[in-house]
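What follows is a structure written as structure tokens; I'll ask about it next.
Naming follows writing order (A, B, C and D), and every chain is counted from residue 1.
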Amino acid sequence: MNHAVSNEDVLKRVRGILARQPFSALLKTEATRALADGTCEFRISIDDNLMQHMGMVHGGVLGYAADTALTFAAGIVYGAPVITSEFKINFLRPVLGQALIARGHVVYKGRTQTVTRCDLFVVRDGAEKLCATAQGTIVVLAESAGTGV
Amino acid sequence: MNHAVSNEDVLKRVRGILARQPFSALLKTEATRALADGTCEFRISIDDNLMQHMGMVHGGVLGYAADTALTFAAGIVYGAPVITSEFKINFLRPVLGQALIARGHVVYKGRTQTVTRCDLFVVRDGAEKLCATAQGTIVVLAESAGTGV
Amino acid sequence: MNHAVSNEDVLKRVRGILARQPFSALLKTEATRALADGTCEFRISIDDNLMQHMGMVHGGVLGYAADTALTFAAGIVYGAPVITSEFKINFLRPVLGQALIARGHVVYKGRTQTVTRCDLFVVRDGAEKLCATAQGTIVVLAESAGTGV
Amino acid sequence: MNHAVSNEDVLKRVRGILARQPFSALLKTEATRALADGTCEFRISIDDNLMQHMGMVHGGVLGYAADTALTFAAGIVYGAPVITSEFKINFLRPVLGQALIARGHVVYKGRTQTVTRCDLFVVRDGAEKLCATAQGTIVVLAESAGTGV
């Protein structure tokens, strides 16, 4: 995809890829927003399957949500298949609520490497609270063209 | 738990906690090793549910596996409830195979904070290959005693 | 310091601490901005001493600048001595220019732990460019009171 | 450099590059060991110039030392100019002593990207203590050949 692509198309493509990810289906992840500049948003309904043993959402779910937003943000701006080189996540508070929202964006886009950031929010009784924040490095695959987001 | 606790008891307790984590059950995680010094090993059978759209294990699964090994390593040495403050993971190669193995250990144990490390291996046709590596910071909950791993 | 403290006082105290850091003097670091909410800015004039072997500013200088802004951001909001638990930095482009600017702010302030972020800019011929970005975890020292920033 | 190069040559080349880094000279860094497999060791004598305001070595010095060992470890195995994409460092204890030792090694070497690790030790009264640990991602420059470590 390039920046001439409409935001509507971007969201459609993000949803297309997400639909082909069995793990994202297992976690009932929904793409709720995606813009050509890399801004993206994903929503995960919190159910009992996602919990750890103290009744809170498992850190692994937050890691998954961060990974998803960090990676799609880069995939969108490159319009090509990307791989996540690494990321770092800080957990800020215990996660209890109805839904998890992951918002990603691009901090810096290089020729082959992008740094992206993601904030995670928990929705509880209608209010959003920041619950984790992540920063990652995403690499565009060299031989990629036209097959991406 | 303290170091007078037998390794057999440590593994039993790790399995007890894991069994009460619905998300770990969803990902069919098995604790295969746990020593009183914080060394621990978890195994996840790779099935279609864990894939992304290109037929490889989703990075979120690796993040979950790393989070699990990093956190249990600290929980074991403190013998008390812990929370993961943050971690960083590097993805080294695409993950294709029959099982994912996460091995955690403690790098440094402070009074309230521990730094742990985790290597992830994919098992394919009987051979193990390093596929990701992580480093994290785990905090012991101040008021905790006797309720941990 | 608490939030009743004026921004003018905050900057004065930041400069006081910086002046007592021989390593910050060696790197000729100047505090150019500090607000009670943790926002802070530091400036380092780039001279030949700060270079690596290819004529660019050494990554260690960027790491130092990030560490400084990440830590002061937290120290300001706690008004107490803090220690940096960890940080992560992404290098975005080679650094060539007249000055390095580090801008820190607080992402989340917990009771004992704060997550802060820092963007580094290089000033070249009057224009600023983002050259690195960092995220860190800062812990307030438990027994601290009144001796901080 | 390739693995046919002797370890003696590796150390000579590492020292040659270090000698051309003004910032490494400013911090009186010495390369004390370098093997063709990427293992490397650097030593920094601790003097008053390296301190923060509480009489301990500044975190920025540790960040510099980690950056140096992480980057050279990769540079050695590639035998070509490299750039550090990112790193993460955990500070484990206050650093007081006579010298800082940084030991780096390669965790995984890919075609264009290497993950390296570094442990930092403080030497005090003849004893070494682990004081920080870091993990980083180093990228080999595409057009490089023969000009590296």
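Note that in this section a residue touches a chain if its C-beta (ideal position, glycine included) is under 8 Å from a C-beta of that chain, and two chains touch if they have at least 3 such contacts.
Protein names from UniProt, one per chain: A, B, C, D = Medium/long-chain acyl-CoA thioesterase YigI.
Everything quoted here is computed from the prediction, not taken from an experiment.
Chemist: Which chain pair shares more contacting C-beta pairs: A-B, or B-D?
Modeler: Spelling it out, more C-beta pairs touch across A-B than across the other pair.
Chemist: Take the average of all CA coordinates in chain A, do the same for chain B, and state the distance between these two points in whole angstrom.
Modeler: Chain centroid spacing, chain A to chain B, equals 23 Å.
Chemist: Measure off the straight-line distance from the CA centroid of chain A to the CA centroid of chain D, and report it in whole Å.
Modeler: So the centre of chain A lies 34 Å away from the centre of chain D.
Chemist: Just how far, in Å, is the C-alpha centre of chain D from the one of chain B?
Modeler: 29
Chemist: For chain D, give me the residues that contact two or more of the other chains.
Modeler: Counting only residues that touch two or more other chains, chain D contributes 85-86, 88, 90, 115, 137.
Chemist: So how do the chains connect up here, line, ring, star, complete, or something else (other)?
Modeler: Complete.
Chemist: Show me the residue ranges of chain B that touch chain D in the complex, using the header's touch definition.
Modeler: So the residues of chain B in touch with chain D come to 88, 90, 92-93, 107-108, 110, 115, 130, 133, 135, 137.
Chemist: Show which residues of chain A lie in contact with chain B when the two form their complex.
Modeler: Touch residues, chain A against chain B: 17, 20-24, 26-27, 48-54, 58-61, 63-68, 71, 81, 83-91, 94.
Chemist: Could you pull out which chain A residues touch chain D in their complex?
Modeler: Those residues of chain A that touch chain D are 85-86, 88, 113, 115, 137, 139.
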